[in-house]
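This is the structure I want to talk about, given as structure tokens.
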Amino acid sequence: MENKTRTDGRQPDELRPIHFELDFAPHASGSVLACFGNTRVICAATLEPNVPRWMKAQGVEGGWMSAEYSMLPYSTLDRKKRDIAKGRQDGRSVEIQRLIGRSLRAVADLSKLPGHTLWVDCDVLQADGGTRTASITGAWLAAEVAIRRAINKGALAESPFREPVAAVSVGVLEDLGLLDLCYVEDRDASVDANIVMTGSGQFVEAQASGEEATFSHDQLIQLLDLAKGGIMKLVQLQNESLASAQLERPIDL
Amino acid sequence: MENKTRTDGRQPDELRPIHFELDFAPHASGSVLACFGNTRVICAATLEPNVPRWMKAQGVEGGWMSAEYSMLPYSTLDRKKRDIAKGRQDGRSVEIQRLIGRSLRAVADLSKLPGHTLWVDCDVLQADGGTRTASITGAWLAAEVAIRRAINKGALAESPFREPVAAVSVGVLEDLGLLDLCYVEDRDASVDANIVMTGSGQFVEAQASGEEATFSHDQLIQLLDLAKGGIMKLVQLQNESLASAQLERPIDL
Amino acid sequence: MENKTRTDGRQPDELRPIHFELDFAPHASGSVLACFGNTRVICAATLEPNVPRWMKAQGVEGGWMSAEYSMLPYSTLDRKKRDIAKGRQDGRSVEIQRLIGRSLRAVADLSKLPGHTLWVDCDVLQADGGTRTASITGAWLAAEVAIRRAINKGALAESPFREPVAAVSVGVLEDLGLLDLCYVEDRDASVDANIVMTGSGQFVEAQASGEEATFSHDQLIQLLDLAKGGIMKLVQLQNESLASAQLERPIDL
Amino acid sequence: MENKTRTDGRQPDELRPIHFELDFAPHASGSVLACFGNTRVICAATLEPNVPRWMKAQGVEGGWMSAEYSMLPYSTLDRKKRDIAKGRQDGRSVEIQRLIGRSLRAVADLSKLPGHTLWVDCDVLQADGGTRTASITGAWLAAEVAIRRAINKGALAESPFREPVAAVSVGVLEDLGLLDLCYVEDRDASVDANIVMTGSGQFVEAQASGEEATFSHDQLIQLLDLAKGGIMKLVQLQNESLASAQLERPIDL
Amino acid sequence: MENKTRTDGRQPDELRPIHFELDFAPHASGSVLACFGNTRVICAATLEPNVPRWMKAQGVEGGWMSAEYSMLPYSTLDRKKRDIAKGRQDGRSVEIQRLIGRSLRAVADLSKLPGHTLWVDCDVLQADGGTRTASITGAWLAAEVAIRRAINKGALAESPFREPVAAVSVGVLEDLGLLDLCYVEDRDASVDANIVMTGSGQFVEAQASGEEATFSHDQLIQLLDLAKGGIMKLVQLQNESLASAQLERPIDL
Amino acid sequence: MENKTRTDGRQPDELRPIHFELDFAPHASGSVLACFGNTRVICAATLEPNVPRWMKAQGVEGGWMSAEYSMLPYSTLDRKKRDIAKGRQDGRSVEIQRLIGRSLRAVADLSKLPGHTLWVDCDVLQADGGTRTASITGAWLAAEVAIRRAINKGALAESPFREPVAAVSVGVLEDLGLLDLCYVEDRDASVDANIVMTGSGQFVEAQASGEEATFSHDQLIQLLDLAKGGIMKLVQLQNESLASAQLERPIDL
């Protein structure tokens, strides 16, 4: 990887400044404003004492985790029309919220969430690339805070999460692999990948797409390595943030 | 008015702590997080260089101002289902966003916004009573910032706003008139009113409702007086906030 | 108030000719065509032996009253597209039907409607200003007829209504306060208010809006007085109509 | 056909009392309350100076005629939920409004309606069987009044209608053919047919359905004869009503 | 009937080549690709062990049969937009699927389908006129196969179908009555009829429409005769196809 | 990779029997029934002489390619409710159709499709795992046939496709990597991946997901290799099928 400078002066394998502001939405059981540079996403976790109808119908035991994703109208430079004003949910949002949900469930033992649904809402306050990976990273943090508070309160016996999960975007721009792309980099990249990994370095999801272009096996391997470095750093930051959380705060359940 | 103490120790004619955090959503032309105690609403204004289809069809000159209001799912203690998940907009939200739009237009000369629509989005981050009045108060502030930046940039010749507009809730609880009700006060009030006034003390909207109760002429007069005191204070705070705004920030138009 | 003549020759404090045609929709339990001049609204009340799901979920006792409002496509001079053809309910209709429902509930003791929902449908047959106030006035009359028939039939023990409720519009046109505005007056008014009061002269709702204009405290007080005169007359007409109702007509319940 | 007496004492080949109340919805260009016994349908015709988008796209000359049908919530003994509350139009209503539209177009020369759409709205005020046939019969009457007023006003050169169109229901109940079924007859009939004919006795639509039953060729022929008798009478009543219409009334176009 | 040659060389009373390809959709309990010349419709029947909510609510015994009809986007020469992309079901499809459902129920004794719903889906793969009649004819065949397999499996005691049902289109083109119209004939026909009959020659549905034209009693009689000849042939082909069905194939129920 | 036998006796790196039935939907410009074992998908390509509105609005040159994916109700063992009956498109379908569209565009030069949109519809007739990869593989084949016919007809100068694109699913089941999973394998797999590659062996999309599980770097590399082998075989079969296509068939454009 050569040492070209990026728009914002970062090294190719350097994350943007990462910041987690806990309890950003105090009425949720756990919440965080997850900031990857200028990308800022409100992630809020709520535990509800019920499970989806299909679980009851199919007699599935345990609980469920579900995510919803939305871009606030003022998150983009051009105002983005609300889904309800268009009458249908944006296809890209559907795809992203399904990814967030799967990512959380991949590191969870749902039998340890009996009779509960964990809702995680991710609303993008400011979009500058990588909103889905910031959402996943923040979603787990908000969820873990909510879970720990529920344990403190005696509503759950132990955490369904086996380990943390975090995500980062990587891409190829002018043949150079880049970590954590901002909007202008993402727009111009020929390959765009979103990688989700656990704290122990296992993959949860790996999605790489050519943007009206294709990519080689070697490029893919390089991107996966780049992502792993970023995710390990993100998991460390998640843990630091978690250590500072006020877990004794009472929650409404 | 007797001197009973309120849940949070305020005097009957005392506002909650008011705070405006400017440029909370930096991709909007103007934005503010409007805080009335624990009620926090994101208000974001965007100027779009076009007008609604009906204005063109009817040959109406000038511009338009429109508002959208929504409660984020985690703004309430019980998670509130999204409109798009229910397939229709909440009736209460429809009512509120129409009120916000009318309030802004009442103090505006739309002929000074030629060919433009000013969108103001109000999303409730945390709800503790008075979300519609915090929305109106913040909406005007966000809008005025957006307008002034558009003037600085040369996109508008002068401001369509003749004067500020702000709003506050008032109510009757156990026969006592109260200013700026928090959620528990609002829930228990027998009369609930939302008053919108201009900076010069003229009414824009006055809406008073009995909550499975009725009210007398005298009670209404008392509530209007109480509201006027609060709104004059709010307008002063809007002006102070405006004085600190970074109006030279470039906007995307 | 000076003595300018109005479009239709009325005095400023004069109602239009008011007429209630009972049992206009004979399949409803109670119904009326409420006519305020050329404004004609079909108001129909139906008692259903069940309550909304949220009441059951929250364990609320008693019954419920709900209203729906719609303008028939041919009620306006230009044909109004149906809601179902547009795919969503008109925002103004949402606002109005919520107002009608609140107005009825404000004079009702819902514990006297155990296990029942009273639906009141208001469909505007001809619109000439004041459709919402004609709707409220007719809605109560239709509802009271339905309730009395249910009592006659033994389905209810006593009426949930403590007293009548009626409504009228008032407004300021060329600095003159006017009662019961017709469409052209409403269109040109600088202030438009809708006042809902009980038979004993208590307020239920008071809503005053500047139409791209503002109004003073004195103007508001004057409008409230004007409205009170009109509403007291309307309640008298409601009572006269009620006295002529064929309450022994059997209803389907 | 034997001479059994019907629920309401009519002969098998006897229509219910038919009544047309013209200008029932005065804001429409032409309107009528079409009453077939206790079945009462508001039929309102409006001329709009434009044509559907598909006509422009396909370069089709002339004008268009379109119908919408709906049952008001209080038209049935059990309140019928509104389409907009259910989020989709009732399948039966879709079927009926398509039939009304086709019936009108079958007797029209659309080239004589250049650049215009004739909308006919049919809203059932009270349902007692045969609402679709009352709708068609009333729709033509309302439409013809609107057309004649448009001609009087100079907006159209001549009528697109070549002749009247009317409709009636017929059915088989306990092996007896009956004309113009009321609700209880319709509910119990084994065959239900709706016949649409022109003033000169030509068929426009003939629809016969077995209701969880089948029917023979002879039964169908008998029903067609029965219908013809009723329709000839209806056309005569349409013409009498038309003769009394105030065609010089100005319309909004 | 004179002996003019048709577009495809058929006699006026000649069906197109008819072909039934059984088990076209093997995951359904019974299915067929019903081909009337170039019109090809996938008809698939599935038995579900439950009944519609309204049957439970009204305490109706037995089972239900319901049909859904759709044109695949590529069934027409110009691509047809999907219903879900337009947000509402096509009015013509609503009308047709209601007709298919009624046709099946007319020859069924629903008490012999206790606790079950028979769904029949008809999706047009290729449209060349007569898709609704091919759908009905194929729907019964697919349904009968599903029913017989359910009987073989012991899930039903006997068939609810009393006899076969089939349908064909007939029309008048240049004063000539034609059987089984292809698209170009249908497009140019002045009268278009769809006739549904049982295997024993009784009518189930008879629908004849003038296409911006009208028709005489004699024309209708002629069309009914023409249709009867075609349907008797179709029923024979249904029976031949049924004789070759592999009824012992296990189904998922 | 050890040599365990699979449910259907295949080797781990063996595709199911692959079959392409060309011109399955003759009204489309190009179509194929793509069969991967018991998974059968109708893929149909239609060229429309227009581009999406956003392209015009943004002044983007060239053409567009768009895909729609749906599972027919009878494609699964339990009947799958239609999207239009539920009122919203299935989230999984949204995700898949976006993937199909991106896959086609990745191998296309859209400037060679000036003023046209290529629609590719993929409807699953029978689902037994791998419907999205069969869809992509069939979509390209159908699209290429449509394009070549458009070139033959003179409507396009040259093909926008640079090379073929095909896709296959791979997964890990009991620690064994498997190619082209059928439904029961897919259901039990701990990792599920869908790989899209070009004819020259470049990646277009690579998506791997842990199913309530995670996976290692080595597992991912193994899956990518397995997929490559399968895709190279699929591309060969696409080319063989293409060689047999009747390209001179006229199309409607």
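We just call them A, B, C, D, E and F in the order they show up, numbering each chain from 1.
In this section, contacts are C-beta pairs under 8 Å (C-beta built on N, C-alpha and C of every residue); 3 or more make two chains touch, one makes a residue touch a chain.
Treat the numbers as computed from the prediction; the structure is a model and nothing was measured.
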Starting at subunit B, find the fewest moves between touching chains needed to arrive at subunit F. 2
I need the common contact partners of subunit C and subunit F, sorted by label. none
In angstrom, rounded to a whole number, how far apart do the mean CA points of subunit C and subunit D lie? 32
Whole-Å gap between the CA centroids of subunit C and subunit E: 50
As a quick test, compute the distance in whole Å between the mean CA positions of subunit B and subunit C. 28
Where in subunit A do residues touch at least two different other chains? 87-89
Which of the residues in subunit A come into contact with subunit F in the complex? 88-89, 91-92, 94-95, 97-98, 102, 105-108, 110, 198, 202-217, 220-221, 224
Which of the residues in subunit D end up touching subunit C in this complex? 24-28, 31, 38, 42, 44, 46, 48, 68, 70, 72-79, 82-85, 88-89, 119, 121, 123, 125-127, 252
